[in-house]
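See structure below.
As written, the chains take the letters A, B and C, and residue 1 is the first residue of each chain.
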Amino acid sequence: MNRDRLQKPSNIKAYLTFILFILLVWGSAVRVDADLGKLILGFPEMGRILREMWPPDWGYFPKIADAMLETIRMAILGTTFGAILAVPISLLSARNITRSPILYLSARLMMNLIRTIPNLLLAALFVAIFGIGPIAGIGALTLFSFGLIAKLTYESLETIEKEPLEAMTAVGATKSQLIVFGVIPQILPQFISYVLFTFEVNIRAAAVLGLVGAGGIGLYYDRTLGLMQYERASSIILFTLAIVLLIDYFSVKIREKLI
Amino acid sequence: MKHKVNKQRKKHWRGWFVAFLVILVYIWAFQGLPFAEIKSTAGEVTASIFSGLLHPDWNYVYDPEGEDLLRGLLDTLCIALLGTVIAAILGIPFAFWAANNLSRRRWVSGSGKVFFSIVRTLPELILALIFVVAVGPGSYAGVLALAFHSFGMLGKLYAEAIESIDFGPAEALAAAGATRLQILWFAILPQVFSAFLSQTIYRFELNVRAASILGMIGAGGIGTPLLFALSTRHWERVGIILLGIILMVTMIDLLSGHIRKKLA
Amino acid sequence: MIQFKNVSKIYPNGTIGLKNINLTIESGEFVVIVGLSGAGKTTLLRSINRLHEITKGEILIDGQSITAAEGRELRNIRRDIGMIFQNYNLVKRSSVLRNVLAGRVGHHSSWRTILGLFSQSDLDLAFRALERVNILEKSYVRADQLSGGQQQRVAIARALAQEAKIILADEPVASLDPITTRQVMNDLKRINQELGITMLVNLHMIDLAKSYATRIIGMRAGEIVFDGPSQAVNDQILAEIYGETMSDEEVGAYAR
């Protein structure tokens, strides 16, 4: 075969994409006022902060223990309420359970809409409604958990086995009987696994919601950093880290047993 | 036979015990709720918020003079883009450090993984707070916070991608006399490149969401005007900003999903 | 020329990989190594380019010891040896041409190859290699879109692009159907005859071995139990290589 007749595929698309990408990044750097100099100048400042953060103020732990407990409470309740709300919506969003496209599409739409609103924003809104305190945080976490659990659950629902369902329909089961006796037993372990996973995420989230006044330990970040009490701030970080790791550990153990 | 019955009884008791614990936990959790402290104006405020959402301040969308929604959203996107790119560029070499199939000694890759774990556990918001102190309030702090956090996340994902590749081509190249660098470039990188790209784009998606609230603690983007509007109870403005954020996040999600599907 | 001098390989847990191998293979020979799995064929082959390390003895390639070589010296010896694998070992997401060009990396510094600065002569070598195995028209196709036989031919082209003087083939046709097997073996034979490249092939089909090899080496439990022309392989020798405990049918299966 003649070598000249070989067609080398054109690289133009790749080159153009690359150039566009570089332009976007450059433009962003300009817009953001990125300055390598400022960063380097900032290093000693950051170094100072880091040095002050260690060792953490061990005496501070008892003072924030209450707030930490409040954080955990928020996470528990937020996850629970969110899970309860997620049950009907996830059933409605699953294509194999809800036949009507109008229903499942609108359920999914509502779910996706809520999921696009960032956590902290929800918290700030709830603070405006309910005032400063953990109620706002629980509200925000509820909506967030609802979104996450509903999405994970409906995706799982669409993969369950249809044979038991078909068998039940064949013997004359109503829709609700189908769900209670056919769907729920199959999906329950997965559902609980998702709830636990969301709880893990919520512990982390709950720890920072206090920044906008939604309760929990986050409030103390604002306080300590504002007063430049860095060793106290690192106490908060470490405490949170410890709780998160503890809960993660147990949660993973339980989830393993479920699957 | 008795042995079996005993085991079943044990399981029975265990189930009840767990349920009992869970109920205790919930009683404790509910106890902490200061229900009495809910503001009496809660209903009014909710109504105002909804009215603000339904009648958003369209004037805020574009203002040739000064600050407006589009500018804020653009800032947010730029923060997310820059943060993601920096994290990706730095993450690649570090990922090679952490991948356990590339280093000869266990402790080398182990320490890499631990390093990433430490970086990952700091939440972006707290990082942003620290960076605001270090480089001053504004978008730059936001970029650095996102870059740092994403570096930890992407580094781990990249390392996992590297660990899952097929080593055959690398062996073939070694047999042909290639240096380690050449093996990396010709045999390893092509295999992980699309995985890298996919993870990075997903990370960008998440960073756009994060960037939209960084401003609420002073790290730039649409968050700052949002916080201002919230504290001044300017609900129509809150409404339009919320709308803007939802639209932006949705569009980025769709674009990102589309590109990632093509990469697979 | 390949020389094995008192080569042994003992694994840390005591298993014997190779036992006192003394072997000389002249340039231009077409040698096939046969034996049961675990007999040491792969270990023998891979110790030639040091993908496996030996624990005793020395291996010389054209008079130069590869056992003692390190760093650049090792790479220089390796670039004259091409290797073909059972799983082809191509970079799936790269084009055929790029895979073949990768064979040239031993001849240039790291940075030149990474920047893609292959010379025109490199490209010529690559195209000629592709022509020789009759797969030129697939040059810009992604490697994983080719069939097994085609991928193996690309692997052969990669070895040719290296300008290798020796080609080691570790079960090159084990994953291929009978017709493609013949095609690939024919390619190897042709390269051996037209270009004078020394061929060392591991096969488990004795029949295939007999039709292509001028010299057959039989291995068993890490030792060479037969070394001679393919015509000399009779049933008794087969029994020695594959074990007397095998029934006639089992030996027959290997001979088919």
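Simple rule for what comes next: a contact is a pair of C-beta atoms (placed from the backbone, for glycine too) under 8 Å apart; a residue touches a chain by one contact, two chains touch by 3 or more.
Bear in mind that the values here come from a model prediction, so they are computed numbers and not experimental data.
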One chain's C-alpha mean falls closest to the whole-protein C-alpha mean, and that chain is B
Could you tell me which chain lies farthest from chain C when each chain's centre is the average position of its Cα atoms?
A
Just how far, in Å, is the C-alpha centre of chain C from the one of chain B?
49
With chain centres defined as C-alpha means, what is the inter-centre distance between chain A and chain C in Å?
53
CA centroids of chain A and chain B: separation to the nearest Å works out as 9
Residues of chain B touching 2+ other chains?
none
Chain A to chain B touching residues, read off their complex
24-25, 27-29, 31-35, 38-39, 42, 45-46, 49, 69-70, 72-73, 76-77, 80, 112-113, 116-121, 124-125, 128-131, 133-135, 138, 204, 207-208, 211-212, 221, 225, 237, 241, 244
The answer for chain B against chain A in the complex is residues 25-26, 28-30, 32-35, 37-39, 42, 45-46, 49, 74-75, 77-79, 81-82, 85, 121-123, 125-126, 129-131, 133-136, 138-140, 142-144, 209-210, 212-213, 216-217, 220, 226-227, 230, 233, 238, 242, 245-246, 249-250, 253
Hey, which residues of chain C end up touching chain A in the complex?
127, 131, 136-137, 139-140
Flag every residue of chain A that touches chain C in the complex, lowest number first.
1, 3, 6-9
Of chain B, residues touching chain C in the complex
166, 168-169, 171-179, 181-182, 185-187, 190-191, 193-194
